[in-house]
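Alright, structures below, take your time with them.
Two complexes follow with subunit A in common, the first pairing it with subunit B and the second with subunit C.
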Partner chain A sequence: MLASILASGLAVGAIYALIGITYNTMFATSRVMSFTAGQLGMLGGVLGSLFTLKLGLPWPVALLLVLAGCGVIGVITEIVAVRPVLKSLDQHLYVLTTLAAALLIQQFTAIQWGTEPQPFPRLLGLGSGIWDEKYWLPVVVCAATIVGLEYLYRRTLVGRAFVAIAEDNFAARALGLPERDLRMASYALAGAIGGLAGFAGGQLLLAFFANGPLLNFYGFIPVALGGLGNNRGAVIGGIALGLFQQAANFLVGGIFSSVAVFTLFIIVLLAAPQGLFGSTASRRV
Partner chain B sequence: MAATDTQGAAASSFGRVLPFLVILALAAAVPLTGNEYWGLIVTRIAVYWILIAGLNLIVGYAGQLAIGYVALFTLGAYTTSVLAAGNATPPVPAFAALAIAGVVGAVFGVVVGLPALRLRTFYFAITTLGFATIVTQIALAWQDVTGGGMGVTGPMLPAPFDTEWGLLYFCLGFAALATWITANIARSRFGRALVAVRDADVAAEATGISKPRLLVMVFILAGALAAMAGGLFAALQTYITPEAFNFELSLLFFIAVLIGGRGSILGPLIGTIILTVLPEIAAPLAAWSTFLYAALLLLIVLAIPGGIASLLDFRNRKPLAAGRTIAPQVDLVRRLGDQAHPPTTLSLRGIVLSFGGVRAINGLDLDVRSGEIHGLIGPNGSGKTTTLNVISGYYRPEQGTMALDGAPLPAGVSTDRASRGIARTFQTPRLIGEASVLENVMIGGTAHCHSTFAEALFRLPRHCAEERELAERAQLALRAVGLVGLAEVRADRLQHSELRFMEIARALMQRPAFLLLDEPAAGLSAEEIRHLATLVRAIREGGTGVLLVEHHADLIFDICEHVTVLNLGAILAAGTPGEVRAHKEVVSAYLGA
Partner chain C sequence: MNITRRNIALGGAGAVAAATGLARPALAQNEAIRIGWLAAMTGPSSAPAIGFNRGVVFAAEAINAEGGVRGRRIEIVTRDTQGDPTKAVNATQEMISQARVHAIWGPTNSGESLAVTAIMARAGMPNIHPCVVDSLIDVRRYPNAFRMAPSNTQWDDAVRGYCLDRVNARKVAVIGDTTGYGVAATNASAQGFQRAGAEVVYKANIDATQPDMTPDMLRARNAGAQAIVVWSVSTGMIARMLNTRASMGWDVPFVGHPSLSSGEVGTLIERPANWEKVYAVGYRSCSRDASDALPPRTTELLGRLRGKVDLRDTLLWWVANGIDAVDLVAKAVEATGSSDKAAIIRHWNTLTKYPGYFGEYTFSATEHNGYPTEDVVMSAANSARDGAFALAPGY
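Right, the complex of A and B next:
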């Protein structure tokens, strides 16, 4: 049983972590937490199933199309739901606009794709039992994403520009960085990461329109635990959440595991409002 | 004059209530048509409104985005049904079950709201969302009690409420009660405090408003209303399954408030009616209704953020008179406070505060005495505003002590300053833009009110007396600072200079023993600065000690008894204006030759 808990815990934990990174990538350049993060994960699964099973494309082609499609959704989110409300960030209107965008995506999917969970194909056909690809694929993808992002942020000019904007928006603009273009690029990147999460976890979560809100909630917990904008915190938080949830699932059963997760979430939030690895609050006065 | 005032007030309050009475009368007349289908819809509107009336205080007034409130509705529906059916306990009478559901809703309203007390609003939004998911999962899985996917029968109210029309009248009566009590809260100092916490949390703390305490009371009220609405919904449906409580319903509740507009009660009521009726008359669109709600939400936020209420707000569309002048009536300042403060001293000893590696304040000693104007000047970044923020309790210094009248003043606590007699204004005026000028000023009187939330809920006499006194004193304060005639105007329509005087009026409402003014003359004309000088002098005559941070050296040397000059967080010079003006280093560092 321990092996099953570890295998499925690490797998869903990696998916939650990737959704957490999706939140963070959007947050870094815009200071906006977007409800579309979970929907991007949902779309990764639905589009992946659509391209492979319905249209019969080979999976690498399908993956590229998923990444591109989710990237476009990310950019549209930025234009429609984020840019118009950036002026008045303190009124938290982004909560409403991104919620609206997320619901538009979800309901459109529900109507066009159907409300029943649909299968997602085996991609590589490797492994069985607890070594089945559906368990280790999300973990491998999560690790690869982290390595890729670290390379992007540390070694490339665009990545450093992202970091500059995240660090100090005004100073970055004063240096002449094209803030708006970089923000759009980061939303495209976030879209691709969210889509990748859904694609990698497709065999576990299936192609199901209602995965969006679930991923929104479980993907936000690692962010809240790790501190806003902290990717390493999100990975640790995501894995911890996945293991805790699956352990509770196996030990006390499905519903009570979600009650346990929810209770723990509220307790941790109250005890460490800035997250376990977050920085302290900014000056208000 | 006084008589016409009262008549006018009575007429305007009747005008405010009239739309509600019309809606209630129309709803109560539906049984006359004998059309049971419309009766069902009207009952449903009433049930939804009971929840939305409470949610409106959270979303519309406090600005906390509770998007998953269907969870409390579900909780109430199942609690009432399960108790009445006797699945887990001996059967409970329907009304008792409803009351128990209200208590359960109040408890969970607070539990779900806990993150809102300390964290940014997205956390609260997502917590309510998570809670909504979990409640549905439990309803599905806890089959022995909830019947799982099969569902459970709803409670049957006793006669005469056991018929369609009986239930309709019961729900209408309950909805009217919910409207009345939430309107009482909205129009009381608690309602004003909710808006203050939303739009100007820093200023709210300075007037003694404690956000956690306030929100907990509202969460209790809204949670109880939501759960009881759920119980009535179960009675109306006669049979409930988890599928009845989908996220679409939550969205309806939430969007009804937003369509209605923030800080309004009539607006959300109209929003509720529209959103409930719309899917009925546009049946072919039923599959797309969530999609349309979402599109509507996006449209409202981007195009008409004020909602229906802003379309109905005719009063604030009239242009304000141009060329207004501020004419303080300083003799009224004396009438504002009972000046019960004995002469005291506010003293700071050895205050040290760093931001990162920068020492913003470096061992500061300061004494402000009542009945004295104490000027605090110095170059930008010398620690003047930071000193005020330490006194106000926004920052906790690393070293040093503060004392008020010899008793220690706790560091880093901001909400007790008002009750200790310390008031302040801000470098950038902190106003509640969507509230009237009068309401902004009334906020200042919060710390002197003693009536409880429960008294406000039912408009008990002590509460009403306090409200009347607050309004009268706020009018007086506005006349004193020279803003007469602007009392009913939305505060965000005022000019910058008027806002500075409005902040002083708000501070005077606190009857302060000490008043901290942060650059009150910034952005004022020469004429207005003269008025300000007269006003501050009159405040001092009343026995208040004034700590004045300013860059206008003329003003400082004109009205201060004592001047302290800061440089790099430490005192460069201190003494009478004459001594300081002659000080060599002050002249070279700050004043210029």
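Right, the complex of A and C next:
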């Protein structure tokens, strides 16, 4: 039982963490919580299945196309749902616009792809039982994504520009950084990460249009637990959520596991409203 | 006499009334028999309606090709409800007040039917449908509504009977999804097993999007389940459970909802062998026996359908039920010589073992569940061919 909890808990936790990172990546350059994050994860699975099983492409090619496709969806989200409301962030209009965009993506997928879950192929054909690739692949991909992002943010000029925009938007613009282009690039990057989450977790979640809302909810929890904008917090929060959810599935089962997850979530937020790894923001008065 | 606007208006109204009254007999003799068809042709759950529709269109064309009913053509008034109860309500009201249909077939899913049944009852509209929710049939509240398919209770009886009498499972696990239907069906099924003296060793409602079914399957095995009874329309959840059963090396039989035999399940299982020992609710009229033969009347139907209706991507019972629906309205008009709503309802109330293709329907003034319980059987879930299934072992 413990092995099963660990295998599936780590796998779904890694997927939730990647969706949490998608939220954070979009938030960093725009200060907007875009609720299209879960839909990008859903699209990763659906497009992956489309390219591999329906069109017969090799999975590496399919993966590249998924990353590109989801990146484009990310950019479109920025143009359509985020940019028009940036000037009135305090009114939180982005909640409506990004939710509307998410709904559009989901309905379009339901119409074009169908409302029944469809298979996602085995990619590497490695492992069986609790060592099946469907369990460890999301974990490996999550780890690789974290390493890649750390490298991007710490070692590259573009990454440092992202960080600068995230730290102080006005100062970065005063220094001549192309804020709009960087924001679009960060949305493309977020789209690719979301798509990667869905592709890596496709064997577990299947290619199913209804995965979007599920990932939206469970991907948001690591962000709230780990602290907004904190990728490491999102990873720890995501893994903890996955393990707790699977343990609750084993111990209390069925619908009560969801109750247990959200009860813990509320308790944590009551104890630490800024998240477990977030810092209290200071504001000049 | 003064010519006033009031006199002109009254005179005009009288003239229109007289003209309408005089024209009515001639109009009724040639007027098409309009059958409203509330079909979820697009959107989620559209597969059944597409199958039903093939039967409906086939039956209407066949009757019209033979000259109609007493010289009156059948006209199908189809409205796509997209599976949405709100759209079903709007379509029903339009059919009653504008299209002025003589009877309505459908909706074909319970959610929509729950929304429109009372509206049809208020209008006294003859309504036949194949929806399973028990409360949809109530002769006191809905004297106009007739069910020409099994109720949920009949499904439940068939599943329980198969588990207890043919699988000889005295300890069962009952598992459903977390939808309203899943919870209600799971509770009803568990209570039925307990009343029958069986032991429900595990009962659960699982979120259909839960990626790993190992926890519930392990608990069911540890509890000593000898059969897993499934009440869910979620093919993803069903396939995950079957894959988990295989990975556990457990050969417990699955018995339950017709979705167990859905073609979608076949695409989602990891190996074809994972679909063995899975038995779904089916119907004797659309099941092949041990010699691979369908009942004679169904064979005759297949002969009529050959080359005209594609059965490869649908279920035979959907098509047969659609044909029966149109035929039931046509026969009522033929027998009574009238398309009057009350006359159609009165006629249906007298039917005993009416020989449809899907089954022999029996209705009375006090019983509008018309499908015979003994014709609800279990099918081998992985045996679909041209829309029909093989009978499960033991029949």
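Criterion: the second predicted complex is superposed on the first by the 281 of 285 C-alpha atoms of A that agree within 3 Å, B and C clash if a C-alpha of one lies under 4 Å from a C-alpha of the other, contacts with A are read in each partner's own complex, and residues count from 1 in each chain.
Just so it is clear, a residue touches a chain if its C-beta (ideal position, glycine included) is under 8 Å from a C-beta of that chain, and two chains touch if they have at least 3 such contacts.
Note that this is a predicted model, so its numbers are computed, not measured.
The superposed arrangement places subunit B and subunit C in clashing positions on subunit A. Once the two complexes are laid over each other on the shared chain, residue contacts for A:92 go to subunit B alone; subunit C is not touched. Of the two partner chains placed by the overlay, subunit B and subunit C both lie in contact with A:258. In the superposition on chain A, A:103 contacts subunit B only, with no contact to subunit C. Legend: residue contacts after superposition of the two complexes on their common chain; A:131 is shown touching neither subunit B nor subunit C.
In the superposition on chain A, contact of A:246 is made with subunit C only, not with subunit B. After overlaying the two complexes on the shared chain, residue contacts for A:151 are found with neither subunit B nor subunit C.
More residues of subunit A are touched by B (comparison of subunit B with subunit C).
With the shared chain A as the reference for superposition, subunit C clashes with subunit B in the stretch 148-156, and the other listed options (148-156, 364-372 or 526-534) are free of clashes. Comparing the two interfaces of subunit A, the one with subunit B and the one with subunit C have residues 214, 254-255, 258 in common.
If you check the complex, the residues on subunit A that touch subunit C are 1, 4, 8, 11-12, 110, 115-119, 129, 201, 204-206, 208, 210-211, 214, 246, 249-250, 253-255, 258. Those residues of subunit B lying in contact with subunit A across their complex are 63, 65, 67, 111, 114-115, 118-123, 125-127, 129-131, 133-134, 137-138, 141-142, 201-202, 247, 251, 258, 287-288, 290-291, 293-295, 297-298, 301-302, 305, 355, 389, 392, 394-395, 426. Within the complex formed with subunit A, the residues of subunit C that make contact are 43-45, 178, 204-207, 209-212, 214-216, 218-219, 235-236, 239, 247, 264, 267-268. Put simply, subunit A touches subunit B in their complex at residues 33, 80-81, 84-85, 91-93, 95-97, 99-101, 103-104, 107-108, 111, 213-214, 216-217, 220, 224, 254-255, 258-259, 262, 265-266, 269-270, 273, 283-285.
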